[in-house]
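Got a structure for you, written out below as structure tokens; questions coming shortly.
As written, the chain order gives the labels A, B and C, with residue 1 at the start of each chain.
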């Protein structure tokens, strides 16, 4: 019984993967026609890596780190600097001139991403050393501060020979095809979820749930938090590198605190402590940010409902819609999720076939229970009414 | 079983003998019984309050030793020093001959130090709770501290993490397959032994209170301890459950060759299972000895009942 | 560097530090009682800037100032009611995420309502009056800021130490449950904390923006973070500590800018934070907390 269930699950997984690959192949076959979809998918995948990495430290280890944007910034610059074609470097760095020591070093994308991860991990280890020994709140503020420091350093003239200061790095070669991007993202997420499912992941959760008890079980708090923080930051760096390749440039103005908050929105919406939730959150937020772009434009009613053109009503401006409204909606969404739906889409459990299959039955059960309750209440009310009548009658 | 019981009786008889004839037989007894935990002049001061004052205590291999005292006597503080939560202000804690903790008042604490034996200890040695657990002292908490949202199985499994031979890389990529399998099997075995296996997939927080206590003890056992420290294991239990618990404690002592130090309020439990009892009040040791001796000690009675000492 | 330049910069630093100190008090008080970083506090301060712009268009300045303070207080209390109170029993991280949500909302709302363009802050003549001492020219607000800050701090410390409300606040910061049992209305005390914090932030915003001249939707977020750092430097939960921290951060920022490294003027605050966390994590005046097991 069990094995058959397992084999069904494997088949379902295989079918899903095949479908995804097929869909991607379809998109890849005509990149010009599907460029919009490709953009959304690539962006979502990259944000999914960032969201899962943030979830690793916030959701699974319970340490409130808000340095994602900072690490992404480092990753973006490192990847950008080492992947732009050597020929174009003098042109890009025309103002400062690229430093000789790195001028001729060009790395393949994977190596550049690995370098980003390594550097981000090292930096995280250094920051974590003082901060992770303290309460989680200090981590939040220290990592936010760190993001600002990173932005300042990369925008500084003094490092112009390396970072091109405020001009940033541009002309980064794009992904060879959509598979490259999706595959790298997939591998990153896979590694993180394997870590979470390992013995170390269990230690993370123990630290999150009760640090005193975890410590009494022989789990070294600092080293466990440090591991999670370093891995999370390293993958945030990879996500930053991917984002730079995706946007074909790395500029400090991309990596503001708002980016961290955006990724936090994905994590919270998807479900704190759930890898699949973060992935869904990333796709949902990225997708809807594209689809809801119309909220930022000013319309008259006839633009939206053609039948109204010519009438007075049709030429009236649609209220509220103007630049910035989309982000207001998103921030309200974040608040609503935090206040009323704090488990997010998946809660802290992972999405699995069993769970998806059980959704209809769970819903049915909930419906039945509600119906039963309504029935009972009705009966009670009827009884009460009957009693009242009797009393009145006497 | 019966052999062990007899041995234990012999032990307790020997302990009584120690009381009767002084130092000579004490060294003889120490030779016979391996010392596990020793507190020397332990003092813990918070600001001006001396929570534990000059407490010396010994626990020998295979014993069940109880630390009793009225509320606020400093029992849990002493416990927290042993398990590394606090650094003692003064004194030394040795475990299997190794110094785990040593404290001497320094800086501002030296000026305000109100305890005894200042200057006897000169070093500050501190081990964190996880290092102490690694050394072989496991503990439970007065107010149960499980991971309530995790399954019963995971609660115990996580305690195996400490002794597993692995690193993040091997663990992530499944290269520690054998180790992981061993951890899971041992966890299953432990749950079976504690009759918790049928609840393995339940959320720990959903178990009834008594079972949560047992699970917490099982989790402590999973760290392969030599000394098990139980902080008020019978708190909130009814008489029947308490009775079961005392059998349970004896059973795990024999089964896992443990030494047990417990803090307790329930006199029934303490009297029934302890080989020796230490009683403290206001941080100071006021009596030690077998259950009977302590129960009849006027100082203990007055500490518990608040009577004036009868001369 | 001439002496007059030095004094000029020092005065600027004290002025900025005064504004920071007033904002930092709000952080430190909220943290003291709720144990959360009120990420929205900096944005409340930014909103106070906009309130001033819109109220001075209608009213003279001496009416505008109370209006701004009142509006900021209302905003702060509203935020506490809507976003923090429902999460009183939730894990602290949820409350902090909620605070981030509010911060995000306020910034985006300001961006939407007032556009991203910087708007010029009204010049209140009485604050902008310029004194000249030889080479040094200082506006009145520059001198007023530190003085006002210290006066308000003394008053606040008296309030906390001498009055019944202050006693309730101290009780709540030690142990909310016990405070509740003692008959203290914890919710009211928390509301009062937000009232005081926001009122001070509004005063701080007047001092800050009068010197800076423009307001934009994101002009609250960075000063907000810096003020939290100031509170940490002084020892979180400690009011005089927050004020000292505010002055330290303000003076350092001006010093770094004057030394020609204005790129790092923001980043340096966080370097200070790392130093303090390394050397003295409980802050300059903070007490070491002992967790109970």
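One rule holds in what follows: a residue touches a chain if its C-beta (ideal position, glycine included) is under 8 Å from a C-beta of that chain, and two chains touch if they have at least 3 such contacts.
What you see is a predicted model, and the numbers here were worked out from it, not measured in a lab.
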Checklist entry - Max contacts between which two chains? => result A-C
Next on the checklist: Using only Cα atoms to place each chain's centre, name the chain farthest from chain B.
Outcome noted: C
Checklist entry - Rounded to the nearest whole Å, what is the centre-to-centre distance of chain A and chain B, using the mean of the C-alpha atoms as each centre? => result 45
Item to check | CA centroid of chain A to CA centroid of chain C, Å | outcome: 31
Item to check | Centre-to-centre distance between chain C and chain B (centres being mean Cα positions), rounded to whole Å | outcome: 48
Next on the checklist: Quick check: what residues of chain C touch more than one other chain, meaning two or more?
Outcome noted: 293
Checklist entry - In chain B, which residues are in touch with two or more of the other chains? => result 85, 141
Checklist outcome for this item: Flagged in chain A as touching 2+ other chains are 212
Next on the checklist: Using the touch definition from the top, list the residues of chain A that touch chain B in their complex.
Outcome noted: 191, 194-195, 198-200, 202-203, 205-206, 209-210, 212-221, 227, 231, 348
Checklist entry - What residues on chain C touch chain A, complex-wise? => result 31, 35-37, 82-83, 86-87, 90, 92-94, 96-98, 100-105, 107-109, 111-112, 115-116, 221-222, 225, 228-229, 232, 263-264, 266-267, 269-271, 273-274, 277-278, 281, 291, 293
Checklist entry - Which of the residues in chain A end up touching chain C in this complex? => result 58, 62, 64, 66, 127, 130-131, 133-134, 136-138, 140-142, 144-146, 148-149, 151-153, 155-157, 212, 257-258, 261, 264-265, 268, 272, 322-325, 327-328, 330-332, 334-335, 338-339, 342
Item to check | Complex contact set, residues of chain B against chain A | outcome: 83, 85, 128-131, 133-134, 138-139, 141, 145-150, 154, 157-164, 166, 168, 171-174, 176, 180, 183, 219-220, 223
